[in-house]
């Protein structure tokens, strides 16, 4: 039987990908950031999930204003790195997990989540930067990946409560899959940042730390946080953090915090990294 | 304030569009069909909805296997007739209703329906045939249209229950729109038909008539009908009828059946037409 | 690809387009859909085999397309809404396609007549157990 | 287009990309997105005005694009993830774009320094009522 064994939360800041790709990780600005990632890297090297469900968002790469899906799940055998305007990142092609992805898709739609089923989707920094953070620069990514793309750039985003419940439904889907498969789920994006407008550069580290405390120990407290509170308190792009609620929903009520790290700034963002395990692992 | 005043159910068989476009409506095969539509045409001419929300499905015209959305709502100012392989139908461009469509979209997502928001969507017979049935061949369609595209061709389709609840949420959304607007909602597709396989040509008129009785008077009885029951009893393409449940969900618990007509065959399908009004109209 | 048994597999003469069919028939269906465009119809008409070479089809799929084996296309992952694009291309009616898929000696005229007489009966066609 | 008052309109210096912004900025954003493709970047570099002529932009939008008026693009319906494609095209960093949108004399260096010192403070920046 398949099992969701752990969850990872991480910001997916493009500058991190650029630092990896251009060998800047030992520069003074970046050293503390990449050092802070080390324990998570070690953890995943030991844990070796077979499949990572990566909850991320597209940033005008695969999708455009022509069609914006609230939740899109990737069922393809592979996903190519997207050209975001600099040429595609030179990272391995992302291998999908079509059979499990279809199993999850069917289960989610029967559980009344209105998924978009996607077979053609170049993946941008939202998905590849978290892989770089956790796995560094391998020849091939050491896991299969199921991309789960969430709309966070068009208002209105899905509610935190919907995201949390989607996580629960994903867990149920995984646990009804007959093959022995170790699944980890990544929530990506956040924490506080605002890229746009006169308020660009906004950071609210205090809010983020409290939010992380609650995410780990009392997610019910934050799942009804309103869109306007996220926009106001964590910046217009901070609302990405709702994607961590999907990850959290897929885990036990009581989880073990394996690792947590935050750092400010990474580019224009309060960087956050979190590793959670279900207690019975 | 905007109001949902009525619902229309109709099959959207492409041959009906061809019969209209090529002036065959008076031929022996077609005459009883088009005569049967007359009372519905008269009704809509008198009722004059400002906006029709047309719940339909795309048949490999706007969308492909690259991305299949469970529910997609069209927010564009206009939608062009699609080329389905014969060249586009020579019918008027479909004018959208962007402001109301966005209002509904926001409301639905906040109510935890995971909509895809679409601005670029050629519309095929699924949408234009119902307009031809109700309005004939005008220079311009006499109403604005909000296309609501439902996946019914990729298994799994949304459940009947989800469709019914989407209808309720649409009604709530419409009723919170501040401008005086008369809205009708069309459920399209069905009734029993099977286009594919050795069982092609299947019709189950008895099941359809009972289903229509229940749809009008006791929709709760059929909203949990399983996918397999639809596939088995009404043919592999008969499951389209779930789109009528969205229409029904948007109406009062008790509705007035203004008109009902069925005819077999139209092409390979048991044709159905239904006009329902909320009691207080 | 593991083949999971589903309750709808018991319905006779019916190819439910689920994830497993989707994966099998992806390129076959995407080829069919390309015929929505006049320029592609022109190219395909000019040289069917050359046109098909753009798509990573299996030999069986290519053969079924060239031979217009409508039932075989469904078995190889075709979705009727996609394969019917090819029937439209050939100028076929839905009744001709229905007759061809019935896998009997049925002609288009027979199929039309069956429809006019109320369609294929549901009795005896609900379950593979009934038909055997 | 009626302008409905929303509670997030009270947040200072923030352009929430809702339906009303979407409708205003559709073509502006679709132009920006086209720069994902190398061939389009080459064409735009060769002749910006000719390239823009393909898109039904308003005069104000065209002007804001040509002048790289980042804040004005947001006001005219730009979405930062789209307009940043143009900043990438110009070789700008996110900090340079942030400084330019701050609408003060801030330089890129100032902006970087602000980030290193913990970012723009939330205090005083929650509500238009505070900033006035």
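Letters A, B, C and D name the chains as they come in the text, with residue numbers starting at 1 for each one.
As a working rule, a contact is a pair of C-beta atoms (placed from the backbone, for glycine too) under 8 Å apart; a residue touches a chain by one contact, two chains touch by 3 or more.
Note that the structure is predicted; figures quoted are calculated from it, not measured.
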| item | value |
| --- | --- |
| Chains touching both subunit A and subunit C | B |
| Averaged-CA centre spacing for the pair subunit D and subunit C, given as whole angstrom | 49 |
| Whole-Å gap between the CA centroids of subunit A and subunit D | 25 |
| Subunit A and subunit B, separation of their C-alpha mean positions in angstrom | 37 |
| In subunit D, residues with contacts to at least two other chains | 18-19, 22, 26 |
| For subunit A, residues contacting two or more additional chains | 65-66, 106, 119, 154-156 |
| Category of the chain touch graph - line, ring, star, complete, other | other |
| Pairwise chain contacts, counting only pairs that touch as defined | A-B, A-C, A-D, B-C, B-D |
| Of subunit D, residues touching subunit B in the complex | 1-2, 18-20, 22-23, 26 |
| Footprint of subunit C on subunit A - complex, ascending | 75, 98-99, 102-103, 105-106, 119, 178-179 |
| Of subunit C, residues touching subunit B in the complex | 6-8, 11-19, 22, 26, 29-30, 32-33, 35-38, 41, 71, 74, 79-82, 84-85, 88-89, 94-95, 97-98, 101-103, 111, 114-116, 118-122, 125-127 |
| Subunit B - residues contacting subunit C, complex | 15, 59-61, 64-66, 82-87, 153-156, 192, 194-207, 227-228, 231-233, 236-237, 264-265, 267-268, 270 |
| Subunit B-facing residues of subunit A, complex | 65-72, 106, 109-110, 112-121, 154-159, 161-162 |
